[in-house]
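Shared chain: chain A. Partners: chain B in the first complex, chain C in the second.
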Partner chain A sequence: MSGRHPFTLLAFAAALPALAWTLPAPWGAAGTFAVALLLCLTPGSRPGLGILRTAILTAAPFWLFLFLLHDRATALAIALRLSTMIASFVWLVAILPPARLVEALVAAGYSVHVAFLFAATLSAVPVMRARAQRIVDAQRCRGLATRGGPLTRLRALRALALPLVLSALHEVDERALALETRGLSAGARRTALAPPPDSTAERVVRWTLVAACVAGVVGRVLWRV
Partner chain B sequence: MAGLTFADVRFWYPATERPALDGVSLAVAPGDVVAVIGSVGAGASTLLLVAARLAPRVTGGTLEGVVEAVPAGIVLPTPWTQSSGMAFTVADEVAFGPANLGVTRDEIARRVDRWMARLEVAHLAGRDPATLSGGELQRVILAGVLAMERDLLLLDEPTAELDPAGAALVWRLIRDLARTEQKSVLVATSDLDAVPDFATHVVWLDKGRVRAAGAPAAVLTADAIWTSGPGSTTVAGLWRRAGLAAPAPLTVADLLARVR
Partner chain C sequence: MSIRLLALIPVAVAINLALSAAVDAVNLPLFLDTTGTILATALAGPVVGVATGALTSLTNSFRNPTYLPFVAVQVLVALYAWFAARAGLFRNLKVAIPAGLGLGILAAAASTPISYKIFGCSTSGGVTLMTLLGRKLGMSDIVACAFSAFVSDFGDKAVTFGLVATVLHALPKRTAARFPLALRSIGAA
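Here is the complex of A and B:
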């Protein structure tokens, strides 16, 4: 899947959650969740099992709290829908390098600012993870215990949160300056360096997914009526 | 027309009362390499941000006075925050700026080859920028900004991450760009030993004001630069410490010429 056009990957990642919330629960959401999990196993920039594990670990706390708060049927429906969203996003982040998305958007005629808005969203997770690891390493060097029981880990998390947020906010300024220095706001239409190839078959897949989403919404409205 | 002209420029960062620049006037003509020196907090980095029109447009703040500048390429002191974060490879990173300017793909390829070769990073072309050392990344960022081929270059501590050989390469390149391509260059640096070799003029900033400006031999040999400034070159320092007659030589070559 990683070789597919970025818009096709985006279409899958957007359509699955949309269908999960519009198709009847729990079977519709179970189906979309199963497809999202299968996508996580497709070859990408990271090993498939690693993506799957990240998706499941991210979704697990939601399952726990939903089953504590709701009856079983409601909890199952919402959990499957949320898990579809999480798995789709985790898969997209793992499989679509932001630079390819920028190239595709620029080649399609979108403004470079729109392209970077999408790309920054995709790259936020790995960037924050790398930053958190650097902060944890620095704190370990200064004697903070980050391994051990739940209380120790909780204390370490507290020590991580503030510097993580503050440094992220600080870097926003630096990043804005850096992108300005590289001509991002020069007003010219950006040249696409290596526009990803697109095919009729992929365009058909994308429009089919859009049509399925529209059908899901219409069906949902009619079914409710 | 000068590449850069400041006339009585004052600049305040948001929520500050003391100006970071206070009545600064200077000009950088094509072919000039002007070194801005000063102690920490003197305003050198702010001067470059204003010249690049990033301050106050991006940083916020208030600007007074007249700033006239041709489109500039600016290199900031921390290369890891200057990488685009949107490039698979070093070659893509160098191409990032020219692509944003709408330069054609063929011309981008030519510029990428040219500037990677001049910064001696061509062997890194296929590497992921995130895996580079600080020195390698600084050269790549320099190559990326130079590939934009602006007439005015603003360089803030461009050799901070480089080893002595890398720094010498960059200073040589800057001097060559001014001489052969008539670029206007403004460099903020604390590498005072290199200044006499690459700079045609020196501006000494102190708390946002111009304390002295002129040829390196004039500014870097003034008594005041030792008593209330950032100091001067190592050779000049040794000469002064030995109590020898002023003016002090600035470089080893000057020293040898004087001794002989």
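Here is the complex of A and C:
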């Protein structure tokens, strides 16, 4: 599956949860969950069993919470739907590198701004998390008290959050300058360096998934009436 | 949209997702996961704020897919922050914190139906415990769900608004003036 076009992978990851919520519970959701688990076993960027384990470990707490809160039938229906969503997304993240999705967006003619937002966010988050941890360590070295009453903790929070947010805002100008230098403001259409290959068969699969979701919604509305 | 405002969006999303390290260090029951959304709106208006909120939910959902349905709450937060910024509600903490409490009520009201309908009120261990407590106090399912959402959002949004007001006042005037709404947010324009 990892060789498929990113839009096809996205279509699977979006259609399975949509069908889980529209098809009658619990069998509809059980079916979509089984398909999502099978997808997790398909070869991707990580060994299949690793993806399956991540999906199950992420979904497990919800099963516990739901059986604590609801009767068995309701808990089972919601848990199967949630597990479908979790397994589909865990599979998508494992199988689809963000850079490949950005290439597909650019090749499909989406604005380069959209591609930039997606790629820049995914690269900025780990950098900012690492900086946040460095600030926490540095402030602790300087003797910042992070324990005590709520007011002491709130004061400590201010001392930790303020340098992080201010340094991030000062970075905006540097980033804007770098983007200007690379001609992002020109608005010209970019050419993808290595556009992912697409085929008629994959387009048919994508539209079939869309049609199935629409049919699921219509069926659900009519069934309720 | 100008390039500076475009560059602000990924930075604001990263702020939303990185502040959890600071919260963990002080061990307070807060999320602060809308700080970047509110800050981006207060600096640059609703389009940047809504984009930040939507992108935050999307990026967070790669780590935990259960965040994705709450994108509507992020959009609501951005719109509320826009009204607050236009009204200059970030001018001092005495005004900003009550405005944040107001957002806490709205955010809880918006997240309750999502949490109830999609997750059966099981979004996290803390929320489940609060819902169970609500049930023990004799509340119905939906009221117990609203109770847990209210408890988790009320204080969080007040602290977030206070933090954003502090950041806006700490920004050098020259930097603030580069963003269209920054000075108005703190009542300086």
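Please note the rule applied: the second predicted complex is superposed on the first by the 154 of 225 C-alpha atoms of A that agree within 3 Å, B and C clash if a C-alpha of one lies under 4 Å from a C-alpha of the other, contacts with A are read in each partner's own complex, and residues count from 1 in each chain.
Just so it is clear, contacts are C-beta pairs under 8 Å (C-beta built on N, C-alpha and C of every residue); 3 or more make two chains touch, one makes a residue touch a chain.
These figures come from a predicted structure and were not determined experimentally.
**Q** Once the structures are superposed on A, label A:Leu23 by its partner contacts, choosing first (chain B), second (chain C), both or neither.
**A** So A:Leu23 meets neither chain B nor chain C here.
**Q** In the superposed model, which partner reaches more residues of chain A, chain B or chain C?
**A** C
**Q** Per the contact definition in the header, classify A:Leu193: touching chain B only (first), chain C only (second), both, or neither.
**A** It touches chain B, and chain C stays clear.
**Q** So in the superposed three-chain picture, is A:Ala11 touching just chain B, just chain C, both, or none of them (first/second/both/neither)?
**A** The answer is neither, since A:Ala11 touches no partner chain.
**Q** Which partner chains sit in contact with A:Gly183 here, chain B, chain C, both or neither? Use first/second/both/neither.
**A** first
**Q** Let me test your reading of the model: by the given contact rule, A:Pro97 touches which partner, first (chain B), second (chain C), both or neither?
**A** The answer is first: A:Pro97 touches chain B but not chain C.
**Q** With both complexes superposed on chain A, which partner does A:Ile51 reach: first (chain B), second (chain C), both or neither?
**A** Once the two structures are laid over each other on A, A:Ile51 reaches no partner at all.
**Q** One more residue to check, A:Ala107. First (chain B), second (chain C), both or neither?
**A** neither
**Q** Please identify the positions on chain A that touch both chain B and chain C, taking each partner from its own complex.
**A** 116, 123, 127, 171, 173, 175-176, 179-180, 184
**Q** In the complex, go through chain B and note every residue touching chain A.
**A** Contact set of chain B toward chain A: 49, 52, 54, 57-59, 73-76, 78, 81-88, 92, 95-105, 108, 144-145, 148.
**Q** Taking the complex as given, what residues does chain C use to touch chain A?
**A** So the residues of chain C in touch with chain A come to 1, 3-4, 6-11, 13-15, 17-19, 21-23, 25-28, 30, 32, 35, 39, 43, 51, 55, 59, 61-62, 64-66, 68, 118-122, 125, 128, 131-132, 135, 159, 163, 166-167, 170-171, 175, 178.
**Q** For the complex, which residues does chain A have touching chain C?
**A** 21, 58, 61-62, 65-66, 68-70, 74-75, 78, 81-82, 85-86, 88-90, 93, 113, 116-118, 120-125, 127-129, 131-133, 135-136, 140, 146-147, 150, 153-154, 156-158, 160-162, 164-166, 168-173, 175-176, 179-180, 184-185
**Q** Over in the complex, which chain A residues touch chain B? Could you list them?
**A** 97-99, 102, 112, 116, 119, 123, 127, 171, 173-184, 186, 188-193
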